[in-house]
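In this document, chain identifiers A, B and C correspond to the written order of the chains, with residue numbering beginning at 1 in each.
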Amino acid sequence: LAELHDNMSAVDAGEEMTNFQYLIYEVEGKAAKITLNRPNTKNSLNRELYFEVPAAFKKASEDPNITLVVLTGAGEYFSSGTDLNNLAHIPSRQQLKETCELGGSILQKYMESFIDFPKPLIAAVNGPAMGLAVTTLALCDVVYASDKATFMTPFTVLGLGPEGCSSHLFPKIMGYAKANEVLLFGKKLSAQEAKDCGLVTEVFPNRSFDEEVRHRVAQYSELPPQSMRSTKGIVRGWEKDLLKKVNKQECDNLVEFWQGKEFLEAAIKFVSKKK
Amino acid sequence: LAELHDNMSAVDAGEEMTNFQYLIYEVEGKAAKITLNRPNTKNSLNRELYFEVPAAFKKASEDPNITLVVLTGAGEYFSSGTDLNNLAHIPSRQQLKETCELGGSILQKYMESFIDFPKPLIAAVNGPAMGLAVTTLALCDVVYASDKATFMTPFTVLGLGPEGCSSHLFPKIMGYAKANEVLLFGKKLSAQEAKDCGLVTEVFPNRSFDEEVRHRVAQYSELPPQSMRSTKGIVRGWEKDLLKKVNKQECDNLVEFWQGKEFLEAAIKFVSKKK
Amino acid sequence: LAELHDNMSAVDAGEEMTNFQYLIYEVEGKAAKITLNRPNTKNSLNRELYFEVPAAFKKASEDPNITLVVLTGAGEYFSSGTDLNNLAHIPSRQQLKETCELGGSILQKYMESFIDFPKPLIAAVNGPAMGLAVTTLALCDVVYASDKATFMTPFTVLGLGPEGCSSHLFPKIMGYAKANEVLLFGKKLSAQEAKDCGLVTEVFPNRSFDEEVRHRVAQYSELPPQSMRSTKGIVRGWEKDLLKKVNKQECDNLVEFWQGKEFLEAAIKFVSKKK
């Protein structure tokens, strides 16, 4: 816990993180590429990545030579969302409340780093995405997907609820009939289905995916940067206040869910399956 | 009129309706199934159904063993919306205003029973849907449709205007270009078109429709109920106040339309066709 | 400049324009048809058209025999948006600020004539559309497109930003993933792509396009006019205040962009290409 508090203080204080342990930060021309790099765990988000991703965004945001940013995953997966192996260490009841509240704060700040990111952000979904790795796509500006990508948010299966502003953004993007099948019932979408409902911009065959994305990124990163930044600012600005409110409410709800009976039962089931 | 006032008072007072005359209320596992049951009139909504449907929702809402609800129609039709045979009894000019205002109140409360329903609500659109039976789909959480289903809202044809919160929800779900063809011009949508514009979640062949829906309902009704209820609460919560305002405005507008010249002309045309 | 100020005063004073120089105003039954008529410049909007289109809307709005309006283009193009040949006459630095501010006011009023237009407005997109001719489609009620139509908004390419309320309406209609590829990166959409993302209602083969549109216009223009007007009023009413705010913000941003370095560089490139 103390370590997490230190990490949060460092981020709050605006200290620059220069060494990334679980992601790769590369510059290609005028574009920065952030690759989630835990392929052995399907690029799941461990506690460190909850700080490294916002730090990488900060670095790209402050570098005047970077005009846009690409977010992708190493290996076969995009990201499986929050690392559920954390569940294997369920704390004592006394620590539970504090741990959950801290987790809510970390998640809220992680999301705000997406909400506030000022430059165009392209998600290159190279493979399956789950949970938070799906919901944050709605805060990316353009989403390219390999035809091997799938999209799944099993919130209620786990006794939890929506995060990543998906309770507002998914109905806005897909309409309620599609959004609710995903959010209420955890329906898995194919890349084509995700495109049809507007979550994904375009789908490419897996074998040419990297090339198609690289081609577009190279071209778009040469566009006038101030125009792109200002355009993103006005497009996203109309609901930035609402998104922060949605994010806070979703995180507050999750703090309750994490302490609830339905999540405990799902976690026990999950852990006993692993053994 | 007196009878309608009594019905409304009973609903307001929270009295439980135990015998349904025009719908069937069944429990299958953890799901409640509400079947509109006036197949001879294409399951049109007569005055009684305007009270029975909210009463059935209330029953399902209060039963702790029920985790989700399915709404469907008996026979070949889903529902043809408000029963226009009521038009055959046009009251005296003196009674007209009072009848219209009462009608507006009844419609407003009917809609609120959809807006406020707290558990997942799946519409199983087994056949053609018209008018209010189409607009209320936007307040259902997931909408499955048979490929024999069609969707039509001939509001302006009848000299009327949008209800069921469709003036807000249809543009939100479909975009203006699709929503206006439906709301302004009464364009009939096929099941596939309704899916493409986001009103319908998925379309199944008519011969396997019941089985496909039953399979999903059985599976989804086993999900953690508190998570589903809370997820629906936050997903729908962001615009609940707006929906109540939209509903009231639409009902107020209809009270005016029902007393207007364009509706009178359409009603006379309708009645003379029937004879 | 003085001439433009005179034009604006005339529009503000509600004077009726009876002779149109760059558009054709025709009445067919109960429908008015407005045809942008500068086929040699791809029906680009010169300064006069920024006043003639609102004046034509005013005429159609005030004519009690007109129930709906069609907007289309003469020849092969729908409209290429603002006439960039104006760029060939870059004023002195002293006049630049005043010219830009006046341009912002003119654009703001042009857009308000779409936002406030009270009768159903059908766009018949007979060929390629660019810039403002694309964004204003989101304020038309129904959009029919020829399969030869294309849709492109190269705002950032020109060092500019979104207008026509597209910063709010495009994400609302298409979702962010589609809207941002168009608004941030200037991606050109085919007619089918524009239909799939909800900007276009229906696509017809070019050879039968006129006939298909004429058939629908004839039918829809016979619907009860007060119902259509009132339906449009409530459908668009929920966000009219927001749209005016969005429009003002977008125009204010453009006034800055027009004076900025990125636009100057793009304009110099454009002018030198023409020579």
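The rule we apply is simple: a residue touches a chain if its C-beta (ideal position, glycine included) is under 8 Å from a C-beta of that chain, and two chains touch if they have at least 3 such contacts.
What you see is a predicted model, and the numbers here were worked out from it, not measured in a lab.
Participant: In degrees and to the nearest 5, what turn takes the CA positions of subunit A onto those of subunit B?
Facilitator: Rounded to 5 degrees, the superposing rotation is 120 degrees.
Participant: For copies subunit A and subunit C, work out whether under half or over half of the interface numbers are shared, and give different or same accordingly.
Facilitator: Copies use mostly different positions to touch.
Participant: Taking the mean of the CA coordinates per chain, how far is subunit A from subunit C in Å?
Facilitator: Result: the chain centres lie 37 Å from each other.
Participant: Mind pulling the subunit A residues that touch 2 or more other chains?
Facilitator: Counting only residues that touch two or more other chains, subunit A contributes 172, 174, 196-197.
Participant: Hey, which residues of subunit A end up touching subunit C in the complex?
Facilitator: By the definition above, subunit A touches subunit C via 120, 137-138, 140-143, 169, 172-174, 196-202, 216, 220, 223-224, 226-228, 230-232, 234-235, 237-238.
Participant: If we count contacts the way the header does, which residues on subunit A are in touch with subunit B in the complex?
Facilitator: 155-162, 167-168, 170-172, 174-181, 183-186, 196-197, 242, 246, 249-250, 253, 257, 260-262, 265-266
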